[in-house]
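Below are two complexes that have chain A in common, paired first with chain B and then with chain C.
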Partner chain A sequence: MKKIWYVLPIAITLFIWACSSDSDSPEPMTDDDVSITDDDVVPVTFDRSAMLTNWADNIILPAYNDFFVVFADFQSAYDTFRTARTEENLVVLRAEWLEAYKSWQRISMFEVGPAEENGLRLNINTYPTDVDLLEQYVVNDDQDFSLPSNRDVKGFPALDYLLNGLAETDAEIIAIYNTDTTGDAYVDYFKDVISDIESRVLTVLDGWNGGYRDTFVANDGASATASVDVFVNDFIFYYEKFLRAGKLGIPLGVFTGSPAPNTLEAFYSADVANELFLEGLDATQDFFNGRHFATTGSGESLASYLQALNSLKNGEELDVLINDQFDVARTMVSNLDSFRSEIENNDPPADMLLAYDEVQRAVPLLKVDMVSAMSISIDFVDADGD
Partner chain B sequence: MKKLVFALLAVSGVMLTSCDSDDDDMPDQVATCNDNIQNGDETGVDCGGSACSPCVTALEIPATYMFTREGESTVSFSGQTTRLLMANEILSKFKDETATEAQIAAMYDHQEGAADFEDADLNASDKQVRNKTAGSYFFSQVAPSIASISIKADFDGYIAEQVADVFPSWNQVAAEGMAGQLTDGSSTRYVNGKGLELDQAFNKGLIGAFVTDQILNNYTNPNLLAQFEEANDAGTLVEGKTYTDMEHDWDEAYGYAFGVVADTEDPIADIDALDATDKFLAKYIKRVENDPTFAGTAEKIFDAFKAGRTAIVNKDYEERDAQADILRAEIAKVIAVRAVFYLQAGKSKLAGAEPGDTFHDLSEGYGFIYSLQFLRRPGTGAEFYFSSNDVIGFLDTIYTNLANGFWDVTATELDTVSEAIAAEFDFTVADAADSSN
Partner chain C sequence: MSQVRTYLNQRVEAAPLAVFRILFGLLMFISIIRFWAYGWIEKLYLIPKFHFSYYGFEWIKPIGQWTYLIFAVCGLASLAVAVGFKYRLAIVTFFMSFTYIELMDKTTYLNHYYFVSILSFLLIFLPANVYYSIDAKLNAQKRFQFIPKWNIDALKLLVTLVYIYAGLAKLNSDWLFKAMPLKIWLPSKFDLPLIGDLMGKEWVHYAFSWIGAGYDLFIPFLLLYRPTRVVAFGLVVVFHILTRVLFPIGMFPYIMIVSALLFFDSKLHHNILGLLSKWLPIDKRIFDNNAILQPKKGVIHTIKYGLVSLFFIVQLVFPWRYLAYPDELFWTEEGYRFSWRVMLMEKSGYAQFKIVDKDTQRWFYVDNTKYLTPFQEKQMGFQPDFILEYAHFLADTHRAKGINNIAVYVDCQVALNGRLSQTFIDPNTDLTQIKDSFEHKYWILPFEEEIKGI
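Up next, the complex of A and B:
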């Protein structure tokens, strides 16, 4: 082998380039017999701008707006509880917290633009909660929620602890909230956490309403900094790191070989982690399909983009494969007991690991097949570890 | 565009067919030195001829594992050396009957800064052995997630059993159903109640689960390396380093094989030195090399490492993968030969004067059998010489299902398993059993 240029892959590339150059010729492409779409023809077959508009106007903004509707109910339940700290009001508050937490799962993936600038997800949903530090803040009332080091004493996970983790039974929890010396301190801390969540999400929504929506939609090109490319990266990153790893893989010990149930989302609640995961998965799939938020309509989406590209994998339509994989994952996870009992009562937690594997199977479909069909570069690579 | 084109290699057959007929329509070719096409009077793609810069001559395979870029070495595998040294220390701790399970487990699952090791450099390192046990790309991306967890649990279990069952019986003679020590010539062997030396299970098992899995199923794995092809083609270096990602990955594979031997650039020049510091793969490459039947094995492995690394420099990924396949075949053979060798060595001493001698061989065999499940067949994505169920079946036959383990094993069981292993390779049980010819 004397010259590097004649190695086979490059030789093949040469042929393909020769092929690509045909699209510049006056004759139209008639390569429908070719199973993979050439990216030269992408721009004329799919309107990225329409997809961005659908994302912003029919999914992202309605989801943020709805979050505030749900969050207002949670806040009013808190106000009721604050004045009358009864078991009954605790149950209502807990239910409203869960609704708000599920509403959060609908916006968690939109970590782009103002959400990214404000590190919204880390500020709202970092878990597990540092209980010792939280208790210290309750006593001293000297927390500063603007510090990054305090991200694990606030947000929805801290509320989980305050609602479910203070004691074993509701009666005992209520007793703590009614103790002369500390009851008000807990209630006040609770309020601070609520206010922090509200103001941070509001900042992000204001960002969208104050110009980012138009910036986002207008940046409709195809480059590493275009909205579609950036957001597809964020979307896959969310699916891989937060939905798959954060909600399942890390508590299961997939990456360490050591189960860590204390790292479950909503660890202090009985079976909320399952519900939150499924809400996140639904949000993911709805987004993939361009489903309008909370209505039956839908618009241009990653799925319709793949259809326009006629993307196939092993002869099957890629958007269908991805949807099927989401469905299989949902079924598997739905059949599980509470994540916490799956992990704590099984060694190894075989059923939940199998469910995790189905969630994982969507990753290469999105991260390899989908992005290569769309000519989008993945901008995050797993660290090698060495 | 370029990226997509590379992704299309898999369907190039289809593309080629559809392109052939178009070739007639191509305009006259003029030399353009940056269009990825050989045109005009170019003598290669975008090089040579009257207009372009001269074509670069491909790198020839060097005599030793030495690669440079602008005069600086591009070879680095310090992380592998560190991990192998950690593994060595863990093995010594299996012989410290005062150690607690927590201590040994912490060494295995080392966290940066923890004072787990004698060697302060190891303590300062953020590397560990446990997360690289069944920790390859294959296990994280392809295999069911339960596989890696179960394998780690096996090694955790060896540690736990050593501390819970063997350490308390350290100073008593072992017997059927009773842990303790046994004489093996001038050596003392410490076994569990079924005659198994857990440190041998841990050591020889890690040759497969840790060293070989990292070499074959991670760092020379075409599926892992493919993600760095674009950067390697562009010559993009890892930030602050002299190497590309792909070069470094291949070096890391090499480091698992030869990272702690005396001469890391030319490890096979002095074959006999290989086991002076290495207790894992290199040591047994030497042992197999020293059996005349298998002479040349060490050179084949070393040459494949060099040739694959050279291919990466030359951006020739087919050649790289061909060399990875040679590594798969040769390393598989090393492990299989040693598995059969130890089973047969144990068999020859059954009912002998010193069960410690027999059990030591069988314990080594146990670990090598365990390692068989990490050997992927050349040219395949997920096809292994032996499944984990095969391996469990072998261990059931010679150990697990026998009430008193090695105390009860007979020649029949050892031969059955030996034959089943050799049947997958081009050597016989007799070839492997006799290391002198």
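Up next, the complex of A and C:
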């Protein structure tokens, strides 16, 4: 019997082993409630579940709900324009479209759960628009918006073309809308695009209201599919691919060497691309800081998570560095002329390239420093860590 | 010399080696099945368009759909090893196929894969099939109850080396005095039953660091010393299962647990095999024939002793090659691999490559996702040899697209063990002008801090 004592630790270990999840992810995953001791005196607790709740209830859902408020104004402006196709109504419709487009920038990054399943971003904001195909659909009225191949003839970019790209001047555009033969066809197509946007975003909002919100908040476990891990990956992916590359890098030609202004977001509007980018950047930074949507409050966020981790590490204040970098990027971009004129009038577009570099500088801070500090896996390839 | 001869003539029971052969073969078989079932063959070897090669092994690549065949061969060979059927052929096949798999892409480098490779190499020279195997059952001439003692000692020596080198590698200031990287990794393990609440405590991070280092350094001796052996084995089980729970390290813990069984007296192994014989229609008694496998003489066997000795000399010396390089080992990783440096770093990086057409002065950045999988990009981001190999690949790719006079630069930011990221590679170095070699990579910018220790 004297040998029995060493069986106990083995039994306990086996018990823990049996109970723990068998995740073969490349790196240790983060989990909820990361308690952190500050100099071993006052325990600081970071509650990841509280962060998920804050994201869902104070940022994501309010942003989706607000989108429909703004979008309703846009739709009523459309209805007015449909019955009275005047230059004044066109100007109003354009302004409401811009508000709706900006509201979209506030939800574009939430490509998770129902939005991911429905490929929302690709369906709402794929640009540049295929103008030839769009014109063909207007004439034949045989478009099928459920086809992936038709993503570039609908959404906000298609509306941009219909509002700004049909002709040079407003008078000419109005003339097209009032033409006997084609006017109604354009107006009808406009309506189809509006309905497609509305129904798709509504599907996503219904998904959130119909149970995904609870799934999202409850999924605070330790795995590659946990909400925080998934969302941080999506957040960085949005910043890198859609904000940095899509709105700046690709039009600048930083990946090809030749500028391509036609790939600008809202290409047919004079200077809207800047505004849309800045709205996206604001949305990114507000999300990072956990700021409640459209109110002054804030809650647990990536920034407060970094603060909590930092109190353990006594390192540099990473959340401050990231916010500073966002601010520098915003200042640089704000000082630019319209993206289109920057690109078309300068060879190379030096100022805009410098602004791009500042936007780019936040990527390693997010992707290397933040991810590393939080021990979040940047991808979901399974492999044994070492 | 006579002492050497005396040693070579000492004999031990073959049972421990047979048990090891069976368990090792089975574990390897499970490994291959697991790898296959997880879809990793496709994900890691078929989907990527570009593969990172080891220096000098650029000719070893995945072979399309035939890659599955290599894994199938490897799996069958491991089964043949387990049952001891045509053992020599089986273990050579296993070593070749497994090593080929590991050399196909260094993105997947893991110390324990390397361990399996060299272990199977060593097993080629050991008579693991003379006892409790199909080979020995079929041929009474090849049936021996006793084998030369050095056969088992060689395996014990290899295991001991792995532990001690792994322990020595932990004797650095980050591990011991900053509890890094465990301080980053452990807090994320909060949902573990019983111990989850402890994972965020700083003293736990330090305790795990120091105990881990102590464990690696002393466990071989506790296993070798008879009075502490049973306790030591208990520690082995606890330690490795715990690492399995905390970290995604696959089959490694089980391999080490099986290896630790080698240190026991043969009584245990006879019991294990006796138990096995109750379940399987195998008559264990036919192997207990008191026959002794005598060390043979002749050129072949002299060569064998030479090879095994050379193998151990290399194993002893190779992990120290980092001393030949200046600057911080964790930063440059010159001499980092193949040296039992396990779980020492939380390191990540981000690399943005810039292609310059020197004729037109036109330039652009590379979208890495066009050429690399996320896993490859992640591994490439902080390892200099990956960055250089990829830069050359980019140069070749774009030369083919018509840029003749090309330069490739990289803006690479790397964070190590909780420090803020800093610039990793000299952004003004045209990487196309650099040839990969074993020389110091002077184009890596110096590490701004110092990590003291071995």
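Here are a few things to note about the model shown:
By our rule, the second predicted complex is superposed on the first by the 329 of 386 C-alpha atoms of A that agree within 3 Å, B and C clash if a C-alpha of one lies under 4 Å from a C-alpha of the other, contacts with A are read in each partner's own complex, and residues count from 1 in each chain.
The rule we apply is simple: a contact is a pair of C-beta atoms (placed from the backbone, for glycine too) under 8 Å apart; a residue touches a chain by one contact, two chains touch by 3 or more.
Please read all numbers here as calculations on a predicted model, not as lab measurements.
In the overlay built on the shared chain, the residue A:L318 is in contact with chain C alone; chain B does not reach it. In the superposition on chain A, A:L354 makes contact with chain B only, while chain C stays out of contact range. Between chain B and chain C, C touches the greater number of residues of chain A. By the touch criterion defined above, A:V254 reaches both chain B and chain C. Judged by the touch definition given at the top, the superposed model places A:A84 against neither chain B nor chain C.
Of the two partner chains placed by the overlay, chain B and chain C both lie in contact with A:S375.
In the overlay built on the shared chain, the residue A:L365 is in contact with chain C alone; chain B does not reach it. Within chain A, the residues touched by chain B in the first complex and by chain C in the second are 3, 6-7, 9-10, 12-17, 19-21, 25, 31, 33-36, 40, 249, 253-258, 360, 364, 372, 375, 381, 384-386. Every residue of chain A that touches chain B in the complex is listed here, in rising order: 1-10, 12-22, 25, 31, 33-36, 38-40, 249, 252-258, 348, 350, 353-354, 356-357, 360, 364, 372, 375, 377, 381, 384-386. Residues of chain C that touch chain A in their complex: 38, 40, 43-44, 108-112, 183-195, 197, 200-203, 230-231, 234, 237-238, 241-242, 244-252, 342-343, 346-350, 352, 355, 357, 362-367, 373-375, 377-378, 381, 413-415, 418-421.
Note for the complex: chain A touches chain C at residues 3, 6-7, 9-10, 12-17, 19-21, 23-37, 40, 221-222, 245, 249, 253-258, 309, 312-313, 315-316, 318, 321, 360, 363-365, 367-369, 371-375, 378-386. Residues 1, 3-9, 11-12, 14-16, 18-19, 22-23, 25-26, 35-38, 44-47, 55-58, 79-80, 109, 127, 130-133, 140-141, 144-146, 148-150, 152-153, 156, 227, 245, 248-249, 252, 314-319 of chain B are the ones that touch chain A when the two sit in their complex.
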